[in-house]
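Working notes, beginning with the structure itself.
Chain nomenclature is as follows: A, B, C, D and E, assigned in order of appearance, with residue numbering initiated at 1 for each chain independently.
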Amino acid sequence: MIQRNLPVLIPLVFLFASLVVSGFGIWKRQLAYPVALFATALAFGVALFGLQHVLTVGSISYRLGGWSPPIGIEYVLDPLAAFFTVVIVGIALLVLLHARIVVERELPERSVAYYAVSMLFLTGLSGIIITGDLFNLYVFVEIASLSGYALVAVGEKQAPVAAFRYLLVGTIGASFYLLGLCFIYLESGSLNMADVAKILPALHSKPTVVVGVLLIVVGMGIKMALFPMHGWLPDAYTYAASTSSALLAPIGTKVAAYVLVRVLFFGFGVEYVRTELPIADVISWLSAAGIIFGSVMAMAQLEMKRMLAYSSIAQIGYVGLGIGLASPLGFIGAVLHVLNHALMKSCLFLVAANVRTSIGHSTIPSFDDSLRRQMPWTMAAFSVAALSMIGIPPMAGFFSKWYLALAGIEQSQWVFVAVILASSLLNAVYFFRVWERVYLRRPVEKHPVVHSESRIESREVRPSMLVPTTVLAIGILAMGLLNALVVELIIRKAIPPGL
Amino acid sequence: MRLFRLLTVLSFGALLLYAASGLPDRGDPDAPPHRVRSIAGSLGAAAYYIQHAQSDANTPNIVTVILADYRSYDTLGEATVIFTAGIICFLLLKRQKV
Amino acid sequence: MIDFVIGHYGYWFVIALLTIGLWGMLAKKNLVKKLIGMNIFQASVIMFYIASTTKWNATVPIIDPAVGSADATHYINPLPHTLMLTAIVVSVATTGVAFALLIMIYRRFKTLDEPTLLERMK
Amino acid sequence: MTLGSDSPIIVLTARMLAPFIQLFALYVVSHGHYSPGGGFQGGAMFAASVVLMRLVAGSAVGQVQFKSLWAVPLAVFGMFVYAGAGLLSMAMGGHYLDYDFLPMTWLDYPARHSFGILIVEAGVALGVTATMILLYDALIEGRADD
Amino acid sequence: MSPAETYQSVVPLFAVLVSLVVVPLILVSAQRPNLRESWTIGASLAKFGLVASLLPHALAGRTAEVRLLEISPGIDFALRADPFGVFFALVASGLWVFTSFYSIGYVRGLNEHKQTRYFASFAVCLSATVGVAFAANVLTFVVFYEVLTVATYPLVIHKETPEAISGGRKYLAYTLTAGVLLIAATAWTYQVVGDLDFRAGGLLEGKSASVETVRGLFLLFILGVGVKAAIMPLHSWLPTAMVAPTPVSALLHAVAVVKAGVFGVVRVVGFVFGPSAMSAFGLSTILAIFAGATIIIASLLALSEDNLKRRLAYSTIGHLSYVVLGTALLTPASFAGGVLHIANHAAMKITLFFCAGAIYVNLHKENVSELDGIGRAMPWTMGAFTLAAAGLAGVPPVNGFVSKWYLGLGAIEADAQLPLVVLLLGGLLSAGYLIPIVYRAFFRPMAGEKGTREASALMVVPLVLTATLSVALGLAPNLFVHLHDLAMNISRSVIDGGTP
């Protein structure tokens, strides 16, 4: 029974978790966290099982309500979806493991609702990934978006403003998607992705379809913060509560990128987006611009979370670039980068959260040597993640760039290759800035303490926060060494037909 | 900046007008969404709903049948959306005890 | 030509509404007005669905025993109605969350005017 | 907290109107099979009656009719009815939300679906009612001291 | 010689890992210096032993290989101890033994801070260097090369003075950029060839590639490895990085880092492009021109530098280009000379740096102009210095002569006059910037108090030993480890097109 119902289980686990959390959490506040954590762990187990099942047995198509696809809604758990669920739920599990103390500190009175909303956020994300229906996707996009706005809003003083702006922009994005979907529906008469993929090839040149595709791409581009549509992101990630940023940044935008992959490659067909309507080219050029823009802006930031936010814009550019290249290698690079960046960015945001918990702020110019002495493990994790972001082998970050560079060279897109490589150096600049302060700058103290490392009391965060951070750092290293395994076993099987 | 916004909005409108010019006439009973079979041969959902709603669910209101049966999962999502909104308002506006 | 206009004028009204909504979101300085723009935008998307999937000489999608259900051309397409029911709920939910955010903003900054707000956020 | 209206006419009218709204709401929910209506519409109407009382009589009096505290549990319950119906059919060996597999063997095929729709609509109605009240309460909270 | 055969062996892997494994041990025993240092020494000895155990096989033309895992589809993370790799690993690990002892004397003599970090980074560096030596394909090479870059950084900024930090920045800017170019070159090669395994005689051999592609690739590769090899326009990080503690300069800037760069150049020329492609596309000429220019200019710059370590740094730049020049000439003798010079220069230059460090620890003198008469105060140190200086200038009994001899022979073989002139001029200039130091040390009166004041035995013994080693290798190039035979094998295998 479990095997047959696999696709629907993961969103359901999160949905029921949110119900339980909000229902019982009202009376027993302490219950909220364990329930949320347990649900996520359960979902992670299911996701892993699903991945294993999909890889050994094959994709699962699930007919919700028992109605076969064009009539009812279809859930599809194929290798790509299974891989994404594992990544997303896995990262969420680690972030939630880390969250307890941060949430207790930052939102003492509202932890129940906060966990309920996080569960709903994950419901939305997992639903988006597994669904095979274009309209159902919209519904889940909205669930994820709404909870995303809320996760942003419970942050610093300015957070509601950032969240409101995010809401406006995000709603435009979702409405664009809906409008584009209307055009597609009017021409194809179907909402099922596989069905649309069969119908559309005959209609490719129609202006309606072209505009529909354009609107969907723009809509999802907004959600994934593709370059000129990124305006909402920096404020949102900066002012959000630390846990929220760690939850949103690594996986929120990635899911929009996933939708783009799904819709473009599985819904509209590879040939179409590559040759007939060169939307893939547009995406890749925008992404390239975004990589440079994000990196340059990140260099100018003084606040660590803000720096990481701009860096996210750059990193989502890699994913976009891989999608835009529309080749197997580019696809591998993009999907691998989703995983790698999820690991790196969540690790970095958790580091930022640890720093905030420990010293109360994360302003880069005020960092100094004492931070390293007080929080050696956190800073070690930071170093690993930063090296990976720069793309030093054998860290994970190197390999996604490697595949993207291979893809760029394969298609003689030298500009993209140059952008990918140059951004490594830009990353180096802004991470190095932090690094140099943390490791080399002497604290400004009244009576300078020299050679007394033992005297400085440790202000390292609690194990429940430290463990996820270090696990992620180790994960970065492990993914670097094992990337070929992931690529060969999973991502290659997920390559869309026709690519 | 204002000009830029105006241009954005106008180009958006122009794009939609261009797209709408390619749409079938409004009310055309033979428009793709209404067909019994799509050009790829798959079932046209809408026609199927009209023809089978009564026999499948014993309910004459087709919209209700689609809403709560054929595409009931959508509706579950929809209910979840509204539930989410409620919890969010609870989360955002509950006064913290100072 | 006349046929084309008659067949398409409905779209044009909706498109006009869409652009108005977008303009409101982009150009208005007051956050509530932006929200109104957003609502117009969402509502016009909904209208676009409904308007574009009408069917001449067809009735509401509730089976009339006198007509039966064999011929699909007797009833208008029920699917967009269902979808838009969902979209309406989504729009309501979004508006609700937006108002919650606006209330939060107002409580903290005592203004909903964007330039003033940006001033006070610093 | 709102204080409510001072005018007896308004209060009286609202008090007389509210039960009828509620009755009509129930009608809309249950008659969704045959005419335009259903859970969302009915739920929204039901919530409207509660909100109406809160508006005219003040939030404090409104609590007598429906306690704010119960909004979240009720919404959860409504959602649970819906999602649980799906889960039940899954547990009985069908797909999620496949009403055919609901354990109601005394009903024939279309009737089971019809009944399933009713359950689901009821769940939606409960959820929407509670959520709407929740929204109103949350948005209005602390208005007096702004 | 028997045809090349490959056998599976984990020895290369252990050779890489042994110093990596001690890193946590070093970190754990931070509070107990003696234990910590014994880890370092143990690792260095073990490493040398492991590498040396590969030598007989390498001499017999047998190549140890270990394939670990696929790191990119079609590309294994693999180590191969081919003769050239063994040669370089032998040099690096052998000199690490000396440096370990010397380091202990040095950091304790100066009471340096953060000694744990120092020794840990050092161990990582050595792992990376041996990894570079044993890398079986370009991607593995890149991985270790980048690890080397990062691991060296903490050593460069060890002093944490503003000068050191800015030197570190410059170092990172150069080497990271180079790393990126190298990655690009690697990716491109993979797309062109579909294979990245190093092969004597050239990976590109027999593959059809357009002139532009090959030239572009060569440019990227040479820029990538040329930074660490300090070929002239890319050299400026090296003198700046001399702010590092002297053992670091000694080992890393005489052996590990810069030699990894030069090693990379040889790998690229001999094992990626191959002699036929090099000459067919006119690449060797370009490389030779740059190398020749570097020799002359660096030597001239060394003449005008007063800081001893910086003078030695410029000298290093010049001598690295001897190797590059030898490689670029593409004759059996010049190639062998270039390869031999890797080892010979390492032995001599490490001696010189050890001496500079000993002088600094003992007398706190850094500049050439302050060295008047110290020969009498530190006779052993300056004696060793003199020997090494003579070797760099190419005076016969010392090993520098041997490699220069082969280089000259190669130039004649290639019928190229200009390189010959450059070699001779380079030798003269080397004498020109090193002999005055010797002269000052022994024939100028010393300022201040007199008397013999050698540095601690931990420092003096290693530097005397390396000086002795230099002479010994000069007298008998095949001594102990058969470096000479090995170099000849390598040269033959590359130049004669893959079949040794």
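One rule holds for everything that comes next: a residue touches a chain if its C-beta (ideal position, glycine included) is under 8 Å from a C-beta of that chain, and two chains touch if they have at least 3 such contacts.
Since this is a predicted model, take the numbers as computed values, not measurements.
Novice: According to the touch definition, list the chains common to the neighbour sets of subunit A and subunit D.
Specialist: A chain counts here if it touches both subunit A and subunit D, which gives B, C.
Novice: Which chains, if any, touch subunit B and subunit D both?
Specialist: Touches both subunit B and subunit D: A, C.
Novice: If each step moves to a chain the current one touches, what is the fewest number of steps from subunit C to subunit E?
Specialist: Tracing touching chains, the least step count from subunit C to subunit E comes to 2.
Novice: Specify the chain with the shortest distance from its C-alpha centroid to the centroid of every protein C-alpha atom present.
Specialist: So the chain sitting closest to the middle is A.
Novice: On a CA-centroid basis, which chain has its centre farthest from subunit E's?
Specialist: D
Novice: Report the inter-centroid distance (CA atoms only) between subunit D and subunit E in whole Å.
Specialist: So the centroids are 79 Å from each other.
Novice: What is the distance in Å between the mean C-alpha positions of subunit A and subunit E?
Specialist: One centre to the other, that is 43 Å.
Novice: Centre to centre, by mean C-alpha position, how many angstrom separate subunit C and subunit D?
Specialist: 24
Novice: Suppose each chain is reduced to the average of its Cα coordinates; what separation in Å results between subunit A and subunit C?
Specialist: 29
Novice: Two or more other chains touching the same residue: where does that happen in subunit E?
Specialist: none
Novice: Which subunit C residues sit where two or more other chains touch them?
Specialist: 18, 22, 52-53, 62, 79-80, 83, 85-86, 89-90, 93-94, 96-97, 100-101, 103-104
Novice: For subunit B, jot down the residues that touch at least 2 other chains.
Specialist: 16, 20-21, 23-24, 31, 33-34, 45-46, 49, 54-55, 60-61, 63, 67, 69, 71-75, 77-78, 80-90, 92-94 - these are the residues of subunit B that touch more than one other chain.
Novice: Touching pairs of chains, which are they?
Specialist: By the stated definition, chains touch in these pairs: A-B, A-C, A-D, A-E, B-C, B-D, C-D.
Novice: Provide the residue numbers of subunit D that touch subunit B in the complex, in ascending order.
Specialist: Those residues of subunit D that touch subunit B are 32-40, 71-72, 75-76, 78-79, 82-83, 86, 96-97, 99, 110-111, 113-114, 116-117, 120-121, 123-124, 127-128, 130-131, 134-135, 138-139, 141-142.
Novice: Once bound in the complex, which stretches of subunit C touch subunit A?
Specialist: Listed in rising order, the residues of subunit C that touch subunit A are 18, 22, 25, 31, 34-35, 38, 41-42, 45, 48-49, 52-53, 79-80, 83, 86-87, 90, 93-94, 97-98, 100-102, 104-105, 108-109, 117, 121.
Novice: Mind listing the subunit C positions that touch subunit B in their complex?
Specialist: 3-4, 6-8, 10-12, 15-16, 18-19, 22-23, 26-27, 51-58, 61-65, 69-70, 72-75, 77-83, 85-86, 89-90, 92-94, 96-97, 100-101, 103-104
Novice: Enumerate the contact residues on subunit C facing subunit D in the complex.
Specialist: Counting only subunit C, the residues touching subunit D are 60, 62, 85, 89, 96, 99-100, 103, 106-107.
Novice: With touch defined as at the start, can you tell me which subunit D residues reach subunit A in the complex?
Specialist: Touch list, subunit D to subunit A: 69, 72-73, 75-77, 79-80, 83, 86-87, 90, 93-101.
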